[in-house]
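Shared between the two complexes below is chain A, which pairs with chain B and chain C, respectively.
Right after this comes the complex of A and B.
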């Protein structure tokens, strides 16, 4: 493998360039568009050099959009806020429920233990609409429709299996001997969990939390069905925004940039753990 | 629709495998490329669809412009029944190929080195090494990653809904998009439920197979701590 011929190297270089171009180009292009005025965007042929403008972002942040039909008020920043609230609350709840559960699955053998763990995993693969459509009817009856609490609850379908199975792996990798020694020193079971197991699994727990945040943020269908405009996260909000703003393409591009930036930054920060998160803990990066 | 979906997954598998092989040696540059390729995967699929919608806009989209340079006028991308499927598949490949790539890359890099070193010493040809050593040893990763993709792609909703809402006509009516429209637009709850039950049976069978393979891979990862 060390001896790669010159043609082989050229071929590899060309292939990698093409691959990078295909996967990076859309992101770069939309980013460029977000700094252009509509006239600049509509120019044919498109130019790579242009005078950047912040007008699109200014319009989004102020919520005042100039359209052909006059001034339009679109609270896109509120969608961003919703995404932030929903995803954070969902992750916090999933950590509170999932970390102790992961510990129990890792340390104790109990009746139906594995069955329950696999049932929780299979939630990840059930068709979302199969759950959501009936749920939306129940939610209307019990008053959870279009509430943060209702959406955070269904986000557990995304966050809980992920946290449970990744954190379980981290607990399993800690030697039980350390915990036994601590217990022998006269500490209770609860103290052993909070003072020994959780700190040792800390990096794994943090990574699982970050990844669940990304996946909750990127979710589309849950809020599409359960939330009205006031509670919608950016994924759904952006779609509504496209319809409302019509031909304000620069603003659409800026809205796209604002909605993907948080997750892309978090993903870069947590990239060491992404393999593990994407495989639900089956493959280590 | 299941057949194109399956073909899309196959394309993603081949492309993802090729990229993983190219990036196999853990050099700085290769690591940087593999991290860059994660970005499409971390973009919300619904938002990714909007990005491609902007790029394929008939009046100013950069891709429409590039295609017109090749001499193809009036390429309508997602709004033409003849090319809608192609367009959605392209977006799907853009978003999800990195998923296959990153799992197979992790798999490739975790393979033991001895068989490859022995083959190099004996001067075994590269194609033989690939088909008789690399592929069989990578098989558990390939199977798990493909099943994972298949499970998700048969439930595809975000990209198609954000891009065309199942249209033009009923060209892109996959299970969940049709179930959604039957429920909300045509208030045909029964048909919607029936579609989702069929989908549930399929995903249930697939996820049982998947979990078995997934568990084997998981045990393997923990043994090699």
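Right after this comes the complex of A and C.
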């Protein structure tokens, strides 16, 4: 890195602090809220110093929500489990379908190839509400409504285009000569794909998988319409805290912290791949 | 071991025709260099043989069997690429072992084969490194080992020394012929360096614009080039050319070069009654300060001394520029000095000016 003057460094530090505050504040505030009772949260003016309580987390984990109107059962842990099952299954399916498709789009020129690839990407442009109404009618007819399989399928709208386009860029970066060399050495097309192409596109596949996992995890509207309570993920389950006797801010905050933690940890762990993956393989290690 | 036969192979990409009626046969144990300027279709030819794309016309046979349409892995071909094409996620050892065709190669027999070939190529000490940790020379040797280890019927080498440094290129030029002949494969060696082609190959196939201009031994290509194009591609400095109209007088053939009347030797038959190119290699020119018969007046524009020769840039009186390569001692002339050029008539090459093909004056060179 080139030499930077003292004022430049101070300015940069200040700017970084400002940006960090701006982006991190909501997360920090939610974290603080999750350790407060509803009364403490609603106090005006809010205080930074308070006596922390684990009641919110206890309620979430035990599934018993104490409200003024009485004891309420909330299946939060089950929702969390649903989120995990749905997102993982959706990503695994999208990888199985998307990685070979991405390879085909990267390596072969075929009729309507670009059109198909773009159509798949355009699923990301369409507002989900546009497809949801017809989709829910179809789902009711073919019996996919309120099933894990149905939601995993509709999550392909999120995961498949993402994986297809990111992984395609990675495959295009691999010199075709490398694959030819492996085939000439007496290996079949399939072996070349699994032993050369997939391992070399590994970082891209990991990044695309991780990214689509996060997008599936954060999805709200598909599961809201297409699934009932026992199949719903946390994003929808959090609605349960808007109760007849008021909004349970403390529990909502704790629920957010609990539901964000897995993806946050995953993202931190794979941060390097994530940035590389988003640059569509343009940056090589 | 199997013969490689290319029979009138053609290929068109849009408006480009990188292969046009190419025919060539390579015998087992023979090394044929495919030499040509960049864009002449060398790599396209190799890739058609390797099965990366198929020819539009013609046939390719290995051991008498057509391989057109066969999957690359079933063709029995080993190939080394210009960009090495090593598998970056595997060690050098795994890279080399991948070239073993048989599944049995995974066992101890396979690993001893890897040892043997890497000892031959002097890369034993880097077998456990991944390609990123290898020098270009080691990468090239690993790629060669991978191509050689399977004992393929046909070996294709796509300008393998392009990306290695000069010293290593010299070393490899010395080592390669014996390495390539080891398995008695039919070897096709693509290169852009005529010296490399002459050093390594038994025969050279000169490819220009998708056509073989000449297929012959290195000596024949140099002394009896089939066309002006071939003559210009071989030799450094390049051959000198003069546009002439030969004529006959008293049973001998003459030409006027830059105003000087030059005897081209005895005329065996009727003179070629058309415009020609006269080609004379720089090392066949002699320089003197005295005028005389059959000498061309010229002025020395520049002298480039090299360790083994001196190259003189000469300007003839008609403003054409010629090069002369002389032994360093012989070049005692000075810049801007007027000199006289001579050459032995039998060193002159004559080409038809319209077709570029060589015109045989007589059979004296073949007899020599």
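The criterion applied here is as follows: the second predicted complex is superposed on the first by the 236 of 285 C-alpha atoms of A that agree within 3 Å, B and C clash if a C-alpha of one lies under 4 Å from a C-alpha of the other, contacts with A are read in each partner's own complex, and residues count from 1 in each chain.
To be clear about the criterion, contacts are C-beta pairs under 8 Å (C-beta built on N, C-alpha and C of every residue); 3 or more make two chains touch, one makes a residue touch a chain.
These numbers were taken from a predicted model, which means no experiment stands behind them.
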So in the superposed three-chain picture, is A:199 touching just chain B, just chain C, both, or none of them (first/second/both/neither)? second
So, does A:189 touch the first partner chain B, the second partner chain C, both, or neither? second
Based on the superposed arrangement, let me know which partner A:180 touches: chain B (first), chain C (second), both, or neither? second
Where does A:31 make contact in the superposed view: on chain B (first), on chain C (second), on both, or on neither? neither
With the two structures laid over each other on chain A, which partner does A:72 touch: chain B (first), chain C (second), both, or neither? neither
Which partner does A:244 contact after superposing on A: first (chain B), second (chain C), both, neither? neither
Superposition-derived comparison: chain B or chain C, residues of chain A touched: B
Tell me, which parts of chain B touch chain A in their complex? 18-19, 22-23, 25, 33, 35-48, 50-55, 57, 59-60, 62, 65, 94, 97-99, 102-103, 106-107, 110, 116, 120, 141, 144-145, 148, 151, 155, 157-158, 161-162, 175-176, 179-180, 183, 189, 192-193, 196-197, 199-200, 203-204, 206-207, 210-211, 214-215, 217-218, 221-222, 225
Touching residues (chain side chain A, partner chain B) in the complex: 1, 12, 15-16, 19-20, 22-24, 26-27, 29-30, 33, 41-46, 118, 121-122, 125-130, 133, 169, 172-173, 214, 217-221, 224, 234-236, 238-239, 242, 249, 252-253, 256, 259-260, 263-264, 267-268, 271, 274-275, 278-285
Residues of chain C touching chain A in their complex? 50-52, 71-73, 75, 77-79, 81, 83, 85-89, 98-101, 143, 146, 150
State the interface residues of chain A toward chain C in the complex, per the touch definition above. 175-178, 180-189, 196, 199-200
